[in-house]
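Note that chain A is present in both complexes that follow, paired respectively with chain B and with chain C.
Take a look at the complex of A and B:
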C-alpha cells in the first residue's frame, strides 16, 4: 500500500456525478508533493462498486449526493458490502448537516468540504490514511 | 267474827299470787311473800336484808323513795309502775313489771316501799301460747293479720307489744329478733341497737341514746304519716296512732311502688319543664290549658297561674276561635290522631311569633287530653326563605348560563337538565329526565364517552373532553364537557356534567393549527432554501472560482490548450446558477403566496395549462385527453401552475420517438376531488416516490437529455398542500408516470 515500498502509485477513486469535479480534483492532485498519485473517476455508485471490486483502490472520495441516491448513508455501505476495506472520505459542498456526524456508523472514515480540498489537505489525508498502521519492525515482518 | 285487819293483810300478803317485796326507807328488803320467794328462788332468810338495788340487774329505772317520776310513769296516786330486771338466785334475769307504792307508817322509821312484781317473761309466754291454748277467735285474727300486706302492731298503755303481724316484722327486718310480745317499744329498740344489728343509730352511746329518745318521742307523740326508706330499694309509710284508751297502734304500708312512680313522675315533670320545645296540655272539653312547660311560658311571657284555665284558642293570632275549633274537629272526633299546623301565637306583650304545632289526642289519660307540641319556627322560616332565595338565584343562574348542564345517576340516567341543554336537543327538560344522556350522543362517540366516564375515580373524579355535537336542527358545534362524578364512601352516587360551547375557540385553534402547519411548511421551505443557497448555489460558485484560478494558472504558465474547455465549464456553471436562481424566484413567488380560492371547472385550468405549453407540446407531439370534469374550489392560477408542471414533466420525460399522451381524470366524493394526471413517458422508480417532491431533487443528472431545475414537483406539492390537499405518485402505474392530486371538496 505504501507507494515507496510497493513501487505502485497511490490510486484514488473519485465518485461524483458532476464531471467538473473530476477535472478540479485532478488539477489539485497535480500540485501535491510526494509519490505519484493516480486518480480514477466514476459518476455513479454502481460503477464505484465495480471499481473497488476490481481492487487496487487506496482511497475513495465519495460525493455525498449521488443522483438518484439521497446521501452517503445509502452509498458508502454499498462499497463496504462490495468488500472494500480501505479509507472512504465523504466530499460535499456543504458538510454542515447534522447527519454527517453519523459517518462512522456507515463505514466512512472522514468527511471534508469540497471548498477545503487543496494540496495540503490531500497530503494530510494521504499521510493519515495510507501509511502502514503497524510499526516499522512489524511492517518489515509482513512485507 | 270479824278478823283483825293485820291478820287479813297478812293472809292476803301470803296468799297473793304475785310476788310482793317490802323495803324499808333505805331500800333494804324487809319482807317477801311466798310468791316472791318462789319466783326469785331465794330462801326467805336470804332475801330478807338484801338491798333492792342488788336484786335488780340495772340501776336504770330503780325507784328510790325520793325519786321524781315522769308523768307517764305515774299511774295511781302514789303508785308507779315500771319495768325492771331482777336477778334470780340461780342467775336467771327476769323481766318484770314493778308496781311500787309508798308504805306509810306512823313513825317515819317504819316507812318504806311495797313492790308488787309481775313476771313479764311468763306473761309473754302466756301471751304467745295463750291464743293457742284457748279455744277463742284470736288464732283466726292472728292468721288474718299475717295475711295482710300492711304491717300492724299494738302496744298497750304500758307500751308493751301485745300484737304484731309478720309484715310488721318484715318491714323492720333489723329489729325482728328483738320484736317479742310483752317487750316495750324502748326495749325492742335498745336490744336491737345493743346487738349491733342497727348501726344506723349511731356509733357512740351518746348518739345512740339521742336516736332512741327521738324514736320514742315520735312513737309517743305520733304526727302525720311519713315515708321512711328501710332499705336501698324499699320505702315504708309509717303511721302511728294513740287510741283513747292509750294503746299505740302502728301501721306500716309498703309504698315502694308509689315512691318509684312518684319519682318517675317527678323526673318526667323535670324533663317536660326542661325541653326547648313548647309543651301544652289542653282539656278538649273546654279547651282550657292545664299545663304549659317552661319553654311555652317563657316564650308566651305568661306564668303558669295565668295560663292555667285560659282558653288555648286565645293564644292564637292566626285564626279566629271558631276556625281553630273547626280545624281541631277531626282530632276531637277521632278521625285523625295527629294534627300539624303552622300558625302564629300572641305573647302577653302583644308580639307575635310563628310556630308549628303538633296536636295529639291522649286517649289513655284518665280524662281526654290534648297534647300540643309547639316550636317557634321564626328563625327556621327565615332560614328556609333564605334557602329558597338561594335556590331561586341558583336556578336562575343555571338557567341563564349558556352552558349545557345536567345531573345524572352514575349509569347516566338524567335527573336534571337545564333549559339550554333541553333547547339544544329540541326536547323538553322534563322529557329528558329519566332518559340516559348517552341517547343524546352520536352512537360512534358513545364508547369513548362511556370509557371516559367509567374512568372517573375518587382520586380523579373529574375529566374534561371535547367532542362534536349536533343540535336538533343538524348544526354542528364543538363542546367541552366536564364530567364530575360525586363519590360517597368510595361509591359513585351522581354525575354532574357541564358542556361549554367551544366552537369558536375550536375553529380558532384549528385555524391556528393550520396556520402553524403552514408556517412550519414555510419555515421548512425557507430552511431548504437556505440549504440550497449554501449547497446547490455554493457548488457552482466554487467551481467557477476554481476554473477561473486554473485559467489564470494556465495563462501564467503560457498554456492555452485547456483555456476553451475551462471557460466552457465556467459558462455552464454560470447558466446553471441562472436557471437555479430563476427557479427559486418562481418557487418562492408561488409556494408562499396566499391562495385566493374561487369556484371553477377543472377543465378550464387544464386548458389554460396546456395552452401555456403549446410550443413544447407541439415539439413533443403531445396530446391531451380529458374525459371528465368537475367544479372545484381552488386558486385558479396555482392550479394552472400545478397542472402545467405535471404536463411539462410528461413532455420532458417522454420515451424517445413516442408521441406524448397525457390523460386527465377527475373523480369526486362527498368530501374530496381526485385529479389524476397520467402520461406514457419513461415513468418513475416507485422507490423515489417521495424523494421526487424535494426541492432541487432530480433523478437525472444528464442536463442534455433531461434538463430542469428540480423544483417542479416540489412546487406541485406546495400548491396541493396550500389547498389542504396532497399530491402523490401512483406507484402502481407502470405505463408511464401517474400523479394523483387530492383536494378537499369545499376547499378551505
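Take a look at the complex of A and C:
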C-alpha cells in the first residue's frame, strides 16, 4: 500500500459526476510535495466499482451525491462489496449534514469539504492513509 | 465577553469530529482564521529534544520538503517557537523576524502563535501556528487559545484518551477475534466492509491498550484476559 515501497506512483481515483472537479483536483495535486501522484477519474459509481476491481487504486475520493444515488451511504458500501480495502474519502461541498458522522459505519475513512482541499490537506491524507501504522513486529505472520 | 466570538467556526462540526482527519481540518481552520498557513500540534518534548511530527498523535500541515526525511527523528530542537513552548504554560506570540523559525521554513511566516495545552493525564501538548499575521493582541490571543483548547479537549476525548481506556470496544473485539482465526488485515477489512487502514488502526489501538507488541501476543493476551473466547 505504501507507494514508496511498492515502487509505483500513488494512484487516486476521483469519483464525481462533475468533470470540473477533476480539473480542479488535478491542479491541486500538481502542487503537492513528494512522490508523483496519478489521478484517475470516473463519473459514476458503477465505473468506480469496475476501476477498483481492476486494482492499483490507493485512495478513492468519492463525491457525496452521485446522481442517481442519494449519498455516500449508498455508494461507499458498493466499493467495499467489490473487495476494495483502500481508504475512501467522501468529498462534498457541504459536509455539515449530521448523517456524515456515521461515515465509519459505511466503510468510509474520512470526509472533507471541497473548499478544504488544498495541497497541505492532500499531503496529510496521503501521509495519514498510506503510512504503516504497525511496526515490523506486527507484520502479517500467518500468510 | 469572549463567548460570542469563541468557537466561531466550530459549531456542530466540533461535536461531529470523529477521526484525526476531522481534527486536522479543525486545527487548520483555526490556524487559517489567524492568517496562519501552517500549524503543528504535538506533544511538548523534553529538554534538548525537538518535536516528533511522525508521532501517531501529532498533527501538522508542514510540507514534507521543508522537513526532509525525518525517519521518525524529532525536528526543531533549536526552533524558538519550540523552545518557547517548553518554557510557557500561557498562550504566546512571537515575531519571527527577530527569531527566525526553522520549522516555518520557506513559508515567509512573520509571526508564530503558540497555545500550550494539556491532557487530563497531565501530558503537555502545544499548538504552534505560523503565518503572515501580525502578532495578535491580548484579547484575540485569548480567543485563539479558547478555541484551541476546545478543539484539543475534543481531540483528547475522541482520540488521545482511547489509549488509557481499559477494555476493548465491540469493533476491536471483532478484529481480535478474526485475527485469532488467522485472518490478515486485508481479509478482515473485506469481511467487515472497512479499509485495511481502519483495521490496522484498531489493531494498533488494541496493541497499546493491552501493552503487547505483535498480533500473536495480542491474541494470547486477549484470550488470557477473557476478552475473547
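FYI, the second predicted complex is superposed on the first by the 135 of 143 C-alpha atoms of A that agree within 3 Å, B and C clash if a C-alpha of one lies under 4 Å from a C-alpha of the other, contacts with A are read in each partner's own complex, and residues count from 1 in each chain.
What we mean here is this: a residue touches a chain if its C-beta (ideal position, glycine included) is under 8 Å from a C-beta of that chain, and two chains touch if they have at least 3 such contacts.
Just so it is clear, the model here is predicted, and its values are computed rather than measured.
Partners chain B and chain C fit side by side in the overlay (superposition on chain A). In the superposition on chain A, A:33 makes contact with chain C only, while chain B stays out of contact range. Legend: residue contacts after superposition of the two complexes on their common chain; A:77 is shown touching chain C, with no touch to chain B. Of the two partner chains placed around the shared chain by superposition, chain C is the only one that A:129 touches, whereas chain B remains out of contact. In the superposition on chain A, A:50 makes contact with neither chain B nor chain C. Contact with chain C, but none with chain B, is seen for A:109 once the two complexes are overlaid on the shared chain. Across the overlaid pair of complexes, the angle with its corner at the CA centre of chain A and arms to chain B and chain C is 70°, in steps of 10.
When the shared chain is aligned, chain B and chain C each come close enough to touch A:96.
Which of chain B and chain C touches more residues of chain A is settled by the count: it is C. In the superposition on chain A, A:85 contacts chain C only, with no contact to chain B. When the two complexes are overlaid on their common chain A, residue A:121 makes contact with chain C while staying clear of chain B. This overlay, made by fitting chain A, leaves chain B and chain C with a least C-alpha separation of 15 Å. For the contact definition in use here, the residues of chain A common to its chain B contact set and its chain C contact set are 96.
For chain C in complex with chain A, the touching residues are 12-13, 16, 18-22, 24-25, 28-29, 37-38, 56, 59, 61, 63-65, 182, 184-186, 189-190, 193-198, 200-201, 203-204, 207, 213-216.
By the touch rule above, chain B contacts chain A in their complex via residues 531, 534-536, 538-539, 542-543, 546-547, 550, 569, 572-573, 685, 688, 691, 698-701.
Against chain C, in their complex, chain A makes its touches with residues 1, 33-34, 77, 80-81, 83, 85-89, 96, 98, 100-101, 103-104, 106-107, 109-113, 116, 119-121, 123-125, 127-129, 133-135, 137-138, 140-143.
Residues of chain A that touch chain B in their complex: 17-18, 20-21, 23-24, 27, 43, 67-68, 70, 92-94, 96, 114-115.
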